[in-house]
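Two complexes come next, and they have one chain in common, chain A, joined by chain B in the first and chain C in the second.
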Partner chain A sequence: MTRSRRAVAGLVLLALVFALVFAGPVVSPWSWDGTDFAAFRAGPSAEHWLGTTESGRDVFAVTLRGARTSLLIGLAVAVISTGIAAAVGTVAGYAGGRLDRTLMWGVDLLIVLPPFLVVVLLAPRLDGGAPLLVPLLAAFMWMITARMVRALSASLRDREYVLAARFLGVGAPRVIVRHVLPQLASLLVVDASLNVSVAIVAESGLSYLGLGVRPPDVSLGTLIADGHGAAAASPWPFGFAAGLLVLIVLAVSLLGDGLRDVLDPTSGGAR
Partner chain B sequence: MAAFLLGRLASRLVLAVLAASLAYALAAAALDPRAGFEGRAPRPPEAVVDARLTALNLNDRTPLADRYLVWAEGVVHGDFGHTSDGEAVNAELWRRLGVSFRLLFLGAVLGSVLGVLLGAYAAVRRGRTADRLISLGSYLLLAVPVFVLAVLLQIAASRANRAMGVQAFVWVGEATPGASDGVIGGLADRARHLLLPTVTIALTQLGLYCRYQRAMMLDVLHADFVRTARAKGLRRRSALLRHGLRVALTPVTTYFVYAFGLLLLGGIHTEKIFGWHGAGEWLVDSVARGDVNVVAAIVCVAVCGVVLAGLISDVLQGVLDPRVRAAE
Partner chain C sequence: MNVLRVTDLTVRYAPDVHAVRDVSFTVGSGEALGIVGESGSGKTALALALMGLLPEGARVAGSVRLRAGELLGRSDAELSRLRGNDLSMIFQDALSALTPVRTVGDQIAETVMIHSGATRAAARARAVELLGSVGIPGAARRARAYPHELSGGMRQRVMIAMAIANEPGLLIADEPTTALDVTVQAQVLDVLRAAKEATGAAVVLISHDMGVVAGFADRVMVMHAGRAVEQGPVEQIYRRPVTPHTAALLRSVPRIGESSSATGAVVERSRRPVVLEVEGLVRHHPVYKGPLLRRRAGTVRAVDGIGFDVREGETLALVGESGCGKTTTLMEILRLSRPQQGRIAVLGHDTAALRATHRRALRRDVQVVFQDPYASLDPRMRVASILAEPLITHRVPPSRVGGRVEELLELVGLGPEHARRFPHGLSGGEAQRVGIARALALEPRLLLLDEPVAALDVTVQGDVITLLEELRERLGLAYLFVAHDLAVVHLIADRVAVMYMGRIMEIGSVSEVYGVPAHPYTRALLDAVPFPDPVLERRRPRVLLHGETPDPASPPAGCRFRSRCPRYATLTAVDGRLCEEHEPPSRPLRPGDDADQSAACHHPLVEAKAGL
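For the complex of A and B:
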């Protein structure tokens, strides 16, 4: 790890954010959905550490809640989308032939259809909010990784140890899981960590437009949307949410890029 | 080269047609135009709603396949149908696309060109102060989403306005309504309104291209062909510009398609924040209204845009990389 200061910096930042998000609500005197009818759009004070929003919510508590939602959605989406990419990519690359062509053609089709537009289109149907947003976002984020995974799997197919396993009579699913996937582990780890930041930005972008997480739930996107109108006069609601979002994305991409430097000696971004 | 491009063109056209059809099917299945009619007060009789929806090809009681065929026939003749208010989609679509284009074009060009140059420069100065500053800047830019960057710029501009005591920066809408100081004044007014959104778009694109170009450039800095160019007597600068940058640009052209997708997406937020009534804003509004034909039309245009960006990247690749031309 010491080889990449970037990864360490990202990891430390991320640990701090996690600590804040999960320990903050415990020490804060206010709950995220509580309303203080005596203070609307108040500045920071001893009672409300970062002031209150226009609707009298405690900025500190509600923003941490929003960050928690965004983080959890980001993590879940990244894991699922990288999982889909790994499954489709390895199967296509290992199988080759018609199955490969069909799968990759489907991938091309989904790349051409702008993912964000499709998500915007389908989002209003998902009144359930966050839990349904996750598969929707994941379904439109895996295609480019799947192409990379496929190319690598296809090159692994003719390696001696893979051939040996095949001629010993090991079935295709087992060969993929035991011999192909481990070779791709570093690529997948890096991809998943970078996808976390993409997913968080996508989620907050949607929520900003009112199409992602809906009231009464909050995410960083809804908080930024609510806060930005009054941002010049009362900077805390907008500033804290936007700052946390930037910090999270920065930490995750530092971590992802740093991991790539460590795990993948051939990549260019490293040196 | 021509055969290579024709082949790519054909396969991309097929993809575009399929993607557009899929877009219509999704829009027609997911959106509910009936709700908009039934929500009116007084509530119209069901037969009236049905007749109106059928006339607009929006009736969810008609099988999806039939609605699709009607829609597809229209699109083949260049007609995207009607909005749920009964207006023609086409006229409004072109007007709105014009607005979006004026908003995005300059920023996208500036951002990508500056990003490539800065990225390449950072790679050449690897490890020095300039590289550190550029890398740090591009990391920060990539971490700041459009809708945060735009608001920050607006706040900074309003502070600057107040500090100077004049309205030097304006950022609401495309032009000041009602202001008419002739052609020159009108153009100047538009340019002033364009400044902040252009900076927003340019900065986001700049971050992307800069990071990617730097990585690609690092890969070719020590490549054999750059060394050969140096050995035959070229100065470092021209060896890097004529051989290094050219080769390092090739993978960036494939990246162009991805950046274009992000541009479209950033456009939706930029339009909303700066109050431009472009296609992105129309898309979001139409999704909320359940206006199937408008949504399908905009997604269709976006699909064509992505396919076109892909073709442009193919052409650029062919121009930049002799191996692509030779590989036919």
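For the complex of A and C:
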């Protein structure tokens, strides 16, 4: 499979998941928060396409709802955290000197803080559910990447084409945007795509502990946590949620992997 | 007797990508065959094929016979018994060819043990003996050093010691001195020559440098596009080349002794305006040591008080070996800000007094061309955007950018079709032309050139130098040209400044400095440059420098060239005192004359005129 085809495959897959997640509820006769008191833990039937959960919710509808929440959280967290990492890292690396030391001092401070403890302490006080979870997760995911970006930017600063731009009189922000960031694009794209899955997994962990998405709202994390105990007896609630999670992560990493090569003209192909 | 006989050797990487085509040659024992050619001519693929080190996927056909045995088609295990024993190889980059985590003594001892079955102690002793034989002082101590602790010249000596450890019948040297400075290159070639004579091995020397081959080889084979286009005795190839390709290759080698045709300046030097003025420039780097509490351990005096001026329409070349501070000087000028000490004035503006907006405006007048054309162009941008960048930065109206880009391409001899290419789609020469075009986009008055042709093949070098000459005349530019290649400098520069360890040793017009060098270092540098003529190269008398540049953090007291100076070595104790105690100031040699040659030496080779 060639690189650009891989990107297309990832994109198509992701589009399909999005279509399913947003069009599914329209097609399904059941709403995600409805309860069918006639069917608890039922198997697939014409009425409930993928059966029902222990509490009588339609598996198809509720899983799509969960996937939607997870997908949105994952994408938002990835974009925000990679964005912060790119901004802080390139500025610190390119500027060097005192600004670099100050920014990296801040990064080191945040790395030392135990993120889980902070989230556990903060989450119950700020009762916001998913919208609050996004900045909270993002705030603890960008530091390592920022350090990597800083190191690479610092080495790019001394590249001859960056020096050439500087000696032409191009200002620092423009040099960063035009010459430094594009060189880091592959790293950032891969980082963002990894962060999507990390964020989804982190969200599900917190939700499992009752610190993330709260009932009655659902996410893939809460569904997997709820369903895995009874997975042997009724595989549908667990299987469908886990399958969607794998599909999302696969689509995002295919897209990231493909994009990395499309973005780099030296990696063959485009001449 | 033939040691190596190669018949109809062909190397293919893909079904239709031929790296080597039908090459045949023989090398006898004690004979040196030089293989020359430009990059991509198949020299290295040939060497790897001989050693059986080609990457997987390469197809080899033909025959390679070492003494009586056929090498092609043997298993890797069988070849491993031969490699390092019957045939061995000296690579270009000794740092990556040596294992970084083991001492050099151990690595040589390993070669000895594997092939001769000697005991560890005997192998160690042999390693020390070998290191001594390649001219490494304090061999027993050096054997315990790791590769990174040795200088480039020392590492290459270690490679030679390792290669001759088992007295092989055949030595293959792939660009063995390309990464070294000229003075060290001359030393290493002498070691290689001595090693050849001591072991009686056949030597295959692969090089792009026609001068190195002229001095070393008995016979020469010229390669082009994978084929051996010509071979024969060295005098015949150099004096009476048969094929046009060989003739072109020889013609394009810059030689000392041929001056540039265009001596641009018609107006007398003292009447032309000064474009760049540097006085007492200093750039010191502090060195810190210690893991936790970093304390200052010393100072590297990269640039240690230098001064010169460049006038309109002329080229001043800064020459010297690696680490002498020439590139640092260039970067200090390009920063356009206050130097640590001293004064830089560009077009009469003192850089220490510049405000940000003024500095930005002044950047239009001072531009730079770097050594590696690919590294200096953003790989993600097309040529058109690369050339548009300076224009947009300095607010040229967008409607005029396109036209100007085409003008620039034409100016450097490229066509409009190049505008759409990415840098990696250009040849080295084309990429360097783009680099020059970018530097010229804002119509500067001073161009700083950092080894602009060092990364190019000789035939392309000539074209780029001619282009630079033409542009200087047409646009009235001034060049500050940094280079290590004295032949190139001779071709392009009007004046030359020879640097050593952060100081200018000698400065003057090219004809004076090359014709009557006053400083012993200049003399030695000129002597070390290999001359592309086998007869002259072997006959001319020369002074070889000993040792290598000392640690720049602790230069010798007094004159910093003292530790390697052939002149100092011959002085009486009384005369030598001056060199030991006083740093020689730069003094004009013939004051009052039109000439302006100065040298920083207490005992110059040319006596100052009597009575002054």
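Points worth noting:
Here is the rule we go by: the second predicted complex is superposed on the first by the 217 of 271 C-alpha atoms of A that agree within 3 Å, B and C clash if a C-alpha of one lies under 4 Å from a C-alpha of the other, contacts with A are read in each partner's own complex, and residues count from 1 in each chain.
The definition used in the following text is that contacts are C-beta pairs under 8 Å (C-beta built on N, C-alpha and C of every residue); 3 or more make two chains touch, one makes a residue touch a chain.
What you see is a predicted model, and the numbers here were worked out from it, not measured in a lab.
More residues of chain A are in touch with B than with the other of chain B and chain C. Using the contact criterion defined above for the overlaid structures, shared-chain residue A:Val112 touches chain B, although it does not reach chain C.
Contact with chain B, but none with chain C, is seen for A:Ile224 once the two complexes are overlaid on the shared chain. In the superposed model, A:Val249 makes contact with chain B only, not with chain C.
By the touch criterion defined above, A:Val120 lies against chain B but remains apart from chain C after alignment on the C-alpha atoms of chain A. Of the two partner chains placed around the shared chain by superposition, neither chain B nor chain C is touched by A:Arg98.
Of the residues of chain A, those at positions 271 touch chain B in one of the two structures and chain C in the other. Chain C makes touch with chain A in their complex at residues 334, 360, 363-364, 366-368, 370-372, 375-380, 389-390, 393-394, 422, 424-425, 435, 438, 442. Interface residues of chain B facing chain A in the complex, by the touch rule stated above, are 12, 15-16, 18-19, 22-23, 26-27, 30-31, 126, 139-140, 142-148, 151-152, 155, 158-159, 211, 214-216, 218-219, 258, 261, 264-265, 268-269, 272-273, 283-284, 287-288, 295, 298-299, 302-303, 306-307, 310.
The touching residues of chain A, counted against chain B in their complex, run 108-109, 111-118, 120-125, 144, 197, 201, 204-205, 208-209, 211, 221, 224-225, 228, 231-232, 238, 242, 245-247, 249-250, 253-254, 267-269, 271. On the side of chain A, the complex with chain C involves touching residues 159-161, 163-165, 167-170, 174, 178-179, 182-183, 264-266, 271.
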